[in-house]
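Next come the structures, one after another.
Look for chain A in each of the two complexes below; its partner is chain B in the first and chain C in the second.
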Partner chain A sequence: MDILISSIAAGVLIGMVLALVALGLTIIFGVMDIVNFAHGEFLMIGMYTGLLTAKAVGIDPLLALPVAAAVGFLLGVICYYGFVKFLLRGPMVAQLLGTFGLMLFLRNLALLIFGSEDRALHHGLLVGKSFDLGMGVIIPATKLAAAGLSVIAFLAVWLLMNRTKLGKALTATSLNSQAARYMGIATERMNALAWGIGGGSVTVAGALIVNFWSVNPFVGLLFTMIAFAIVALGGFGSVPGALFASIVVGLIMEIPGIWDFLTYTLSWDWMINVPMTSFKYTFVYLAYFIIMVIRPSGLFGWKH
Partner chain B sequence: MKGKGRLLIVFLGLIAISGLLIPSGAWAVKEIKIGVIFPLTGGAAAAGRELRAGTELAAEIANKVYPDLPMAMAQNAGIKSLGGAKIKLIFKDHEGNPTLGADLAKKLILDDKVDGIMGCYFSSVTKTVSSVCEQYGVPMINTSSTSPALTKRGFKWFWRTTPHDKWFTKDLFEFLNGLTDGKVRGVKAVAKKEITNIASACEKTEWGSHVSQLIAQLAKEYGFRVRKSILYAAKSTDLSSEVRSLKAARPDVMLFASYTSDAILMVKTLKAQRAHPKIIWGQDAGFEKPEFRKTLGDNIVGILTRTVFLPKVVEIKKLAGLVNAMYKEKTGNDLGGASARAFTGLQTWVYLLEKAGSTKPADIQRAANTIYIPGKELVVPWKGIKFSTSGDEIGQNTLGSGLIGQYQKQKDGTVGLEIVYPFDVSSADMIYPFPGY
Partner chain C sequence: MEALKNALDFSDFPRIDLVVAACGAAFILAFPLFPHSSFAMATMIQFLMFSLYGMGWNTIGGYGGQVDLGKAQYVGIGAYTTAVMLIRWDIPFWVSMPIGMSLAVGWSFIIGYPLFRLKGHYFAIATIATSLVLLDLFQVWEFVGAARGLEISPIKYSPPDFLRLIFKEDIYYYYIIAGFFFLGIFYINWFRNSRLGFQLRCIKDNEDVARSLGINVHRAKIKTYAIATAFVSMVGSFHACYIKNIEPEDTMSLDISILIALMAMLGGAGSLWGPIIGAAVLIPLKSYLKEWLGAQAGLLGIDLIVYALIIMVISAVEPRGIWGVIERIRRRRN
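Take a look at the complex of A and B:
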């Protein structure tokens, strides 16, 4: 039973962190109808920011979150004004290829600056610590903290979007940017803000993830793919959908754990040697594929 | 001016003709050229530096007289049976690239006219270079590539001094058996049922997946039970589901074949998940690298790793201590697995040439197939060097062996490796069971 509980707990916790990863992608898409292929690279930059700030200043990596948020926000805004704004004049294909190019640029820039080797945090307030819930259920402290802080950041963004005038302006822009402009909303600034919030939330997620994952310049692609799967499942543009889908995706990633539970509960030896851990992301992509075929707008999607 | 130019051409022409008429050997001191192909730049450059220094030291000892060193090659200057001919090393850098390695081998054979080749550390490069040597009939000695497949090709010009992964994995099971027989220093006999369940996680390239297969095969032979075997990508940035899956198998023994960053991540995740098997063992590579020790510090106390040479060997083998002192003076470091094996590789070349008394490939081949170098001549703790000439491992040294070390806290507070296998050379009491996290 401990195998099952551990796996479900791990799935829910990582799902909460992934929610923050997917949030930025869904906001940018919701407001501007642009799919940001460089989203994973923003996360990679967040990971490096958290890691290097903690090492350079000598503070706990969790305290580096505000720095990561600021870097992400600025990066988002700079990308918008320096690049994306011009892409909007072109056809949809130009926007797709443009953010794809941005992804390649950021990845290779990181390769140039940081090199290709893996880097990881080895010291920190919570690094390597865990809570024993009894019956063999172990919850790593870094993942618990990352999940908690992710939910707080997620709620903060959700409140900003739904309870403030700024959020209403953003929502108005996403619903009909032309009408919003007629109403006096500075839509260009709203677009930049969407990129800023999107960038900030994903870099914060990166700075949280670096507490238990190692980082290299290629790590972004995996997260881009996972974020796409989440956003497709939850519905493009839907913030609550992203939260729900993230937890579903987190649990899908734990299918190998559930398999192990069944293997040892049923004592079926043939199940032992099925290499389920090698396929943990395959199940996520399979879910992505199925949802795109059955319900292209996702579970909570409203943008078509 | 025109006349002077003509005179110069005639003069140069005469020099060229005289060069053709007089054999070069009449001028040059007789020397034996060995082409040495190692990864001197790129990701394995640090290992390449060690390999080069070990090879150079062996050549230095072979070329001069060191009466205090109790080894035959230190008693003569050069190769005695070849009139004191000196060893000349020609180093080439394969950058970890098998194609480049093959090109370099061709250049060494055709342009530099080497008498033999040594290398290449990477099994993949050794594979292509040895094929070139086989094609041209040039003898090659391999010192540190451990893929078992290399000596399964029936090559006539390829000899390997180092034991390979099958031997190392066999050592592990011999060690586990020894544990149940009470042979391990400081540990009372352990009931077999206490350590019967095994789980392994190996990186999934040729090396790791092969080690995984060997573990499964040998576990069966030795009567152990593999409860789980996982293959993972060495570039993984998260191994938590792999570790959870390993833990779910409730293994007594956890076995790993990992490179550096994944070995560190694996141990960190084991700690975060509070894994508590009785034994954790790594198949060298990442588990023996200095970064592993530096990064994880006290967290690795109790972890075992296979290796071929440990600084502790110098305490139990006088010759290793003397050579280590020379190596340390030259490089500032102690001999390690790579440098000690490279030293032994070139030493084997010297003994082969001495026995052959000729540089003709056929004579060297005959010498290699009949040579026996006793263990007391070597810095590595092997029984000796004797190459297999029949069966399915032609060219493999049959007298090599590995060591198993355990990370333990040293008197100075640092964490270092102590020998726990072979049992007769163990340098400390083993920590059993693994303390857990």
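Take a look at the complex of A and C:
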């Protein structure tokens, strides 16, 4: 029983962090109908930013979040004006392969600069500490803080999107960019802003994740695929959908662990040889596939 | 008979195209007779293999306009079928290749039926997802060697073995894949003027119009997907015999799928010559970049940075590829 509770707790916490990862992807898709394959690479850059800032300045990694946000915002805006703007004129296959090229570029640039070894944080305010909630449920402090801060960041972006004039202009652009242009909204600038917010939120998520996840240049693709699954489940372009769906995906990722525990305790010999944890992310991909086929617009989606 | 005649009928191309194509064919046939390094030979074999992958992708992705980024799973199915059958039961290549093709086509029907209900981005990402699921499965499946992969040891057989396709010299492999290559060109030449080919181009331009003309859109897509799959799986089987050491990460990773789609796009998707031009540019470029910048200068990943920049420039500046540029110049001249 306690394994069930602690798995659910872990799933919900990781889900909250993943919500921030998926947020940028869903905003970018909503505003300009482009799927960003380089999303996971932005996250990887956020992880390195958090790690290196903390090491260079000697502050706690959680204080490096503003730096990560600034780096991500700039990166997003630069990518938009320098590259993505030109992709939007082309057909869909060019957009897909173009952002894939961006992903390959960022990944190998990181490989050239940082090398291929895993790096992790060893010092920090929260690293290594944990709360014991009783009943065998232990929650690492880093994950709890990351989940809390990421929900705060998520809410901040949500408020920006829904309560400010700028956010309304952004929403108008995503609903109908041509009509928005007639109303005097600078849609080009809105697109750049979407990339800025998308990049900024995902690098913040990266700086949070680095507290409990080691980083190497190849970490991105996994998060890209998870973010795709979340966005598909929540509905492409839907912000509240992304929050709900990421908690669901976080829970899906805990299923194999529970499964293995059950086969071990119930001693189903025929299952022990195949540890389900090696299929941890397979479940996420399968979930994506099944959701897309059954309900192509996602749970809260409005774009087709 | 009619089909054979259509496959050999290139009369709708301008004469200059045919002259260039004939020169290219003569070069491919004569290449091993001239002195060459083994590295150049390996690059040429890679070029022929990837042209065939690209031709397969081009049926569904180019003529049909469905961006498929999951072709690597069929490379894997073909390669693993041949390798497993040869190692475990000593079944020769010429038997295991059709079996691998039918397995791949069967799998493509199973996933194609739900896949083609999706469109655009959703379809592209779903193809990646299925490919990754299969990759994860092969990495833990003990029967096919899990993450270590399989190794065909050539010592057990006496080369040259034409049944099992085990040779010492690359030249045999070269002519066998060149044979497949020419057959592939003739097949695609037939395909592009077949009923299915016209249906697909109609679907690409406007799906609703295609449906209103009485085309069964879903069925046409699944059929073409099966053709593309058969191509890719066939070359996958050859890959197993040629490389002799297959691992899940090498044969079915996302990078292979992307490379296949990229080549067709670089050359010009939806044309007969496009994938071949794309492979002729990209494969030598990729392997020489790796050799010069990656291995000799000792800079990790710099070859892939250059490669990524090329992808970005092409997709931003000229998404219709080299063939698109040629056609535009021609139109201006007329």
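Please note the rule applied: the second predicted complex is superposed on the first by the 288 of 304 C-alpha atoms of A that agree within 3 Å, B and C clash if a C-alpha of one lies under 4 Å from a C-alpha of the other, contacts with A are read in each partner's own complex, and residues count from 1 in each chain.
Note that contacts are C-beta pairs under 8 Å (C-beta built on N, C-alpha and C of every residue); 3 or more make two chains touch, one makes a residue touch a chain.
Note that the structure is a prediction, hence the values are computed from the model and not measured.
**Student:** Just chain B (first), just chain C (second), both, or neither: which does A:Pro66 touch?
**Tutor:** neither
**Student:** When the two structures are overlaid on chain A, which partner does A:Phe105 contact: first (chain B), second (chain C), both, or neither?
**Tutor:** second
**Student:** Answer with first, second, both or neither: which of chain B and chain C does A:Pro240 touch in the superposed model?
**Tutor:** A:Pro240: touches no partner chain.
**Student:** Output the chain A positions appearing in both contact lists, the one against chain B and the one against chain C.
**Tutor:** On chain A, the residues that contact chain B in one structure and chain C in the other are 278.
**Student:** Sort out for me which residues of chain A touch chain C in the complex.
**Tutor:** 29, 33, 35, 83, 86-87, 90-98, 100-105, 107-109, 111-112, 115-116, 217, 221, 225, 228-229, 232, 236, 274, 278-279, 281-282, 285-286, 288-289, 292-293, 296
**Student:** Okay, in this complex, where on chain A does chain B touch?
**Tutor:** Result: residues 3, 6-7, 10, 117-118, 120, 122, 128-130, 132, 138, 140, 142, 212-216, 218-219, 222, 253-254, 256-257, 260-261, 263-264, 272-273, 275-278, 280 of chain A touch chain B.
**Student:** Please output the residues of chain B touching chain A within their complex, sorted ascending.
**Tutor:** Residues 204, 227-232, 235, 237-238, 240-242, 244-245, 248-249, 261, 264-265, 268, 271-274, 295-296, 299.
**Student:** Hey, which residues of chain C end up touching chain A in the complex?
**Tutor:** Counting only chain C, the residues touching chain A are 61, 67, 69, 114-115, 117-118, 120-122, 124-126, 128-130, 132-133, 136-137, 139-140, 254, 258, 261-262, 265, 269, 299-302, 304-305, 307-312, 314-317, 319.
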